[in-house]
Amino acid sequence: MRVAVIGASGYTGLELLRILSRHPEFELCVVTSEQRAGAAVGDGFPSLRGIVDLDFEANDPAAIAPRVDIAFTALPHAASAPTVMALRKAGVRVVDLSADFRLKSVDTYTRWYGEHPAPALIDTAVYGLPELYRERLAKTELVAVPGCYPTSVLLPLVPFLKQGLVATDGIVVDSKSGVSGAGRKLDESFLFAELDDNCYSYKVGNQHRHVPEMEQEAGFAAGSDISVTFVPHLLPTTRGIVTTIYLRPNAPLSTERANRVLREAYAHERFVRVLPEGQTPSLASVRGSNFCDVAAVCDERANTLILLSALDNLVKGASGGAVQSANVMCGFPEHSALLEAPLVP
Amino acid sequence: MRVAVIGASGYTGLELLRILSRHPEFELCVVTSEQRAGAAVGDGFPSLRGIVDLDFEANDPAAIAPRVDIAFTALPHAASAPTVMALRKAGVRVVDLSADFRLKSVDTYTRWYGEHPAPALIDTAVYGLPELYRERLAKTELVAVPGCYPTSVLLPLVPFLKQGLVATDGIVVDSKSGVSGAGRKLDESFLFAELDDNCYSYKVGNQHRHVPEMEQEAGFAAGSDISVTFVPHLLPTTRGIVTTIYLRPNAPLSTERANRVLREAYAHERFVRVLPEGQTPSLASVRGSNFCDVAAVCDERANTLILLSALDNLVKGASGGAVQSANVMCGFPEHSALLEAPLVP
Amino acid sequence: MRVAVIGASGYTGLELLRILSRHPEFELCVVTSEQRAGAAVGDGFPSLRGIVDLDFEANDPAAIAPRVDIAFTALPHAASAPTVMALRKAGVRVVDLSADFRLKSVDTYTRWYGEHPAPALIDTAVYGLPELYRERLAKTELVAVPGCYPTSVLLPLVPFLKQGLVATDGIVVDSKSGVSGAGRKLDESFLFAELDDNCYSYKVGNQHRHVPEMEQEAGFAAGSDISVTFVPHLLPTTRGIVTTIYLRPNAPLSTERANRVLREAYAHERFVRVLPEGQTPSLASVRGSNFCDVAAVCDERANTLILLSALDNLVKGASGGAVQSANVMCGFPEHSALLEAPLVP
Amino acid sequence: MRVAVIGASGYTGLELLRILSRHPEFELCVVTSEQRAGAAVGDGFPSLRGIVDLDFEANDPAAIAPRVDIAFTALPHAASAPTVMALRKAGVRVVDLSADFRLKSVDTYTRWYGEHPAPALIDTAVYGLPELYRERLAKTELVAVPGCYPTSVLLPLVPFLKQGLVATDGIVVDSKSGVSGAGRKLDESFLFAELDDNCYSYKVGNQHRHVPEMEQEAGFAAGSDISVTFVPHLLPTTRGIVTTIYLRPNAPLSTERANRVLREAYAHERFVRVLPEGQTPSLASVRGSNFCDVAAVCDERANTLILLSALDNLVKGASGGAVQSANVMCGFPEHSALLEAPLVP
């Protein structure tokens, strides 16, 4: 199956190349980058020399469509939708890593991102979390890959919401992310000398664009509207998200019972690892892999359920999750190219 | 004033030497380390060559007492109390960095640390947070230096508890700490290769020994018993704690009003910096300094007050706080040796 | 082909599991660790949960030999040889990652490591650098995997020595290595707080055990005795070696010509990437991969040839190189399980 | 004495503010930054809130000159000279951190930097290394602060050149620097995600602008022309330079004798610490301080002398060295504001 990666100069694009280059079914045929068009991929990304033997080209959906069966679009929001639209019209399956097709409500999209460039496509997109939407993904031709933070939040949280075990108000999500989540952006605060040995919160309190996405999917799971207090923190790491969620159980809940909820929900999931009691998810244990590790602890004294998760934002939180959904959509084994062991140490 | 640092082979001991070496009133006379006794300080700590010109000696309180006016004890809990007792009996003022005199309840101490070696001294000790106990510190001869996490929690939290602005149940504290907080412990999980680019939670839910200390002081501020859900996380940094606290206001509270509470509480404090709205505390901005930066944000939609703080766990969270309390106790300017600018970048 | 990894609790052992778990021909059957015997591999190494489904067992060569066709031994020097001897006697092919069979001279071994436990085996071992010894490796049943530093030195250096282009005295090798090269050793100097943002030289001047190995192989290439001035430096990174070599050309040499020498030597090598002029090898571009990137620059003004290389010490410098040699020895495609793209960023 | 810091938005400017804020004799009166003019220093640099209570202003030498006695100029090369010229004309003493007055030869400057904007001033400037030029510095009114790399090279090297102990050809300098040496430049390669866990050489072989400066001063010491092969490497650290120099002794030289040369040369120097044999300079031991640690090891087998040094590029390698020279120029104790202990851990 012939594949394009559209917008490959950023970190999620590079990560798509890394993963797709070892995929047994997908053949990388087109790689685009406006800023590097004409250069060899191995010149732009020295790590891929000897791995990917293609040249970057400019993004021209009309010219690309006939040459591929499926495209991964890793463009900024709003810039992505027109390309997706053109590719879909030409019959190309699309896995979109932007935010353009994640939100079901055009109003919500508009509030957070501005006018939606292709509202008609929204209903044809399926949210790319196979653990929640596997069946729909198998039938769609457009996948909206979730944001990295929402993935780290929804996997541990949804089982408890679905079973009505926790209060739907007062949900607190405290996340810590490596800087690659911000992309390859030339921003002073992302310089090594600024972030080395540093850590701080940002966009505190309902300001981060991933909030509406979390709330949409959490609301679907709970069957009611949900608001979440979300505080992201920047870590001095390149990859990874550690999320800690604080909830009020509706009835007394033990750590053992909470872990059983997770264990049952993910008994047949390859990429969600429910840790044994006493272990906590760590960035290192998922680095470079498609795993999301989860665990639960109940502070019964304070009637608080604590959910913990860790994932690699560029893999399970972006490009790995995208390939996982593509595998489902295309009928390939869901774990194709995704069962690599994490890079530890 | 002649000073001893007892137990100087760990990181808080080393940090005491760093700070005291520039103090205009304290003269470093005795430095002890069992493992390094006999060696020059500059051989054990190459950074101090040319700064501290003393030899390490063994810890012998009887021999040390006549030679100093004040001692900083940086020994492990339980090991510290007997030395403190001996020094106090000999009339030496003591600033104790262990946990031995922080908890007012012997029962609580016993539950978390084992039998107390010197219960009679507890009532003579003052909790070394000058922002809360300045007057008592000026009159005591025994200071119990707070734990690093509690300092990062109490400074932003106490003003809201004192004014009864927030619910005293359901308090969530999510902290992130550099590894020096664990001391210079030879533990596999503190190896560079294990912690580099890593992050994870530990002692999740009422398991960390700093919980009873936070609850004691928060309870004093609120005038009622308080339980806190505390989740510490380990950061891939050497120094620093970032704490994020989630509270339910008793009545609607704006970000502006919350910051006013902080600003009024700390208007005359040199070391607590209330940030302008829109800025968040960061490890870098306090690195190597005695500052604790704080800020408040209200997520009014979810009726959640978010308090943010950052400090250097080895300075304001340990050795700097210790010197600050010593300055108060000895009648020196409170900021002596403590107004160094943070090391940025 | 059934495989054992003997001594899997260190970093090279863990890395072998990571690589072998994706190998299409090798089936991991036995994993030993004295300290973890009885535990599931996924409990000892949380990263491998869901990847390697075996229990650690104790190292008992007699019991292991009948169950495997090939064994990777990742034990400390001197401890390795007896196991290797037992396995070889039982007809098991062995890839030994220790230093026990790298040196051809028993005297040299004795001087650097102490008495050799199995001198009779030395001549049956082939030095596991397929770029130099591919044909011999195809016929041997015992591979001595090179040290990480020597690999980073020999790949760029040997072509120039073989062609007699440089003086064989006055060779300077300045290497910089991540800390995983020292293994998972509980040493204070490898604590995160000690190494974070730090860098320093160690074992300066003919003191490092990799010196005799470099000199042996460089000597074979030159056809004469060679002594090397080697200064290793510790980097605040987990993985990777960057080596810079300084040589005096025997006759004027241009950068262009020097690169041609490298390009011709490695035209058919998959894992040695000769960079285009103007690029320099970096740790990031080889992270987690079996590549060794090399480049040459001539400072004609000072008549100095500068050779540059970078590799991942745990992959090409240890476990990846071991698997590469095993592939050659077993007649599998040399790049099996080794063509993964580096983990960037 | 009233002080201006001209060009304070970069890292050397920030470091000047950090050091000068604790200086007992200098009073910070003017701080300029084009990009931040009008803002409070504490808003631009949150670390300095509560330490420096001034507003940034635009750089207007005519307006600044009457308000200060001495100015530190931390502007880019070529941009600096006109400001220096204006300040000097108005009688203000100047300590210039740019490259504009380091090179004595206008031709050499032109070759490396372009046309010199103020050649007439060159002869009035003294190279700001008090260990070499203390007497001249006491009499000058214009200091050219050395580059960070040259400082790390010259301090260990000069004593051997002065005594004619080493060959003046074939000198190899292999340096490793933290990224703050490049300033606060918005360059993709300085992003955290690019540099984290990375290391590589750059400007290999006579390409770095610090080469002519090293060669000038080394030549003065040797009394003859010298060319140096210099290879800088970028470290994943914020601060610090580790330099390793390889030399050929003119006559057999022992490690003991080499160290004696250093020890005698620096017996009365406060900031150059000659380490005991067996210790090597490390970034950590000088972090945040004005020390340059040095050591020597002879590889007698290969007749190679290895000199080692470490310093903090922003302190002894820039702003600390600048203040040290200013102290000498103004007749203050040379170590004023510079005897702070390094920040370890």
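Descriptive notes on the structure:
Every chain is named by a letter (A, B, C and D) in the order it is written, and numbering of its residues begins at 1.
In this text, a residue touches a chain if its C-beta (ideal position, glycine included) is under 8 Å from a C-beta of that chain, and two chains touch if they have at least 3 such contacts.
This one's a predicted model, so the numbers in the text were calculated from it and none came from an experiment.
Distances between chain centres, each the mean of the C-alpha atoms, put C farthest from subunit B.
In terms of C-beta pairs in contact, A-C outnumbers the other of B-C and A-C. One inter-chain figure worth recording: subunit C and subunit D are separated by 39 Å, centre to centre, where each centre is the mean of the chain's CA atoms. Annotation: 36 Å between the Cα-based centres of subunit A and subunit C.
Centre-to-centre separation of subunit B and subunit C, using mean CA positions: 46 Å.
For subunit C, the set of residues touching two or more other chains reads 11, 178, 180, 184, 193-194, 196-197, 236-239, 282, 284, 287, 345.
Chain contacts here are complete: no pair of chains fails to touch.
On the subunit A side of its complex with subunit C, the touching residues are 11, 14, 17-18, 21-22, 43, 45-52, 180, 196-197, 238-239, 270, 273, 275-276, 279, 282, 284-289, 291, 293, 314, 339-345.
Those residues of subunit B whose C-beta lies close enough to touch subunit A in the complex are 169-172, 174, 176, 178, 193-194, 196-202, 204-206, 227-229, 231, 233, 235-240, 242, 244, 246, 248, 255, 280-284, 287, 297-299, 301-302, 304, 306, 308, 310, 345. Within the complex formed with subunit A, the residues of subunit D that make contact are 11, 178-180, 184, 186-188, 190-197, 236-238.
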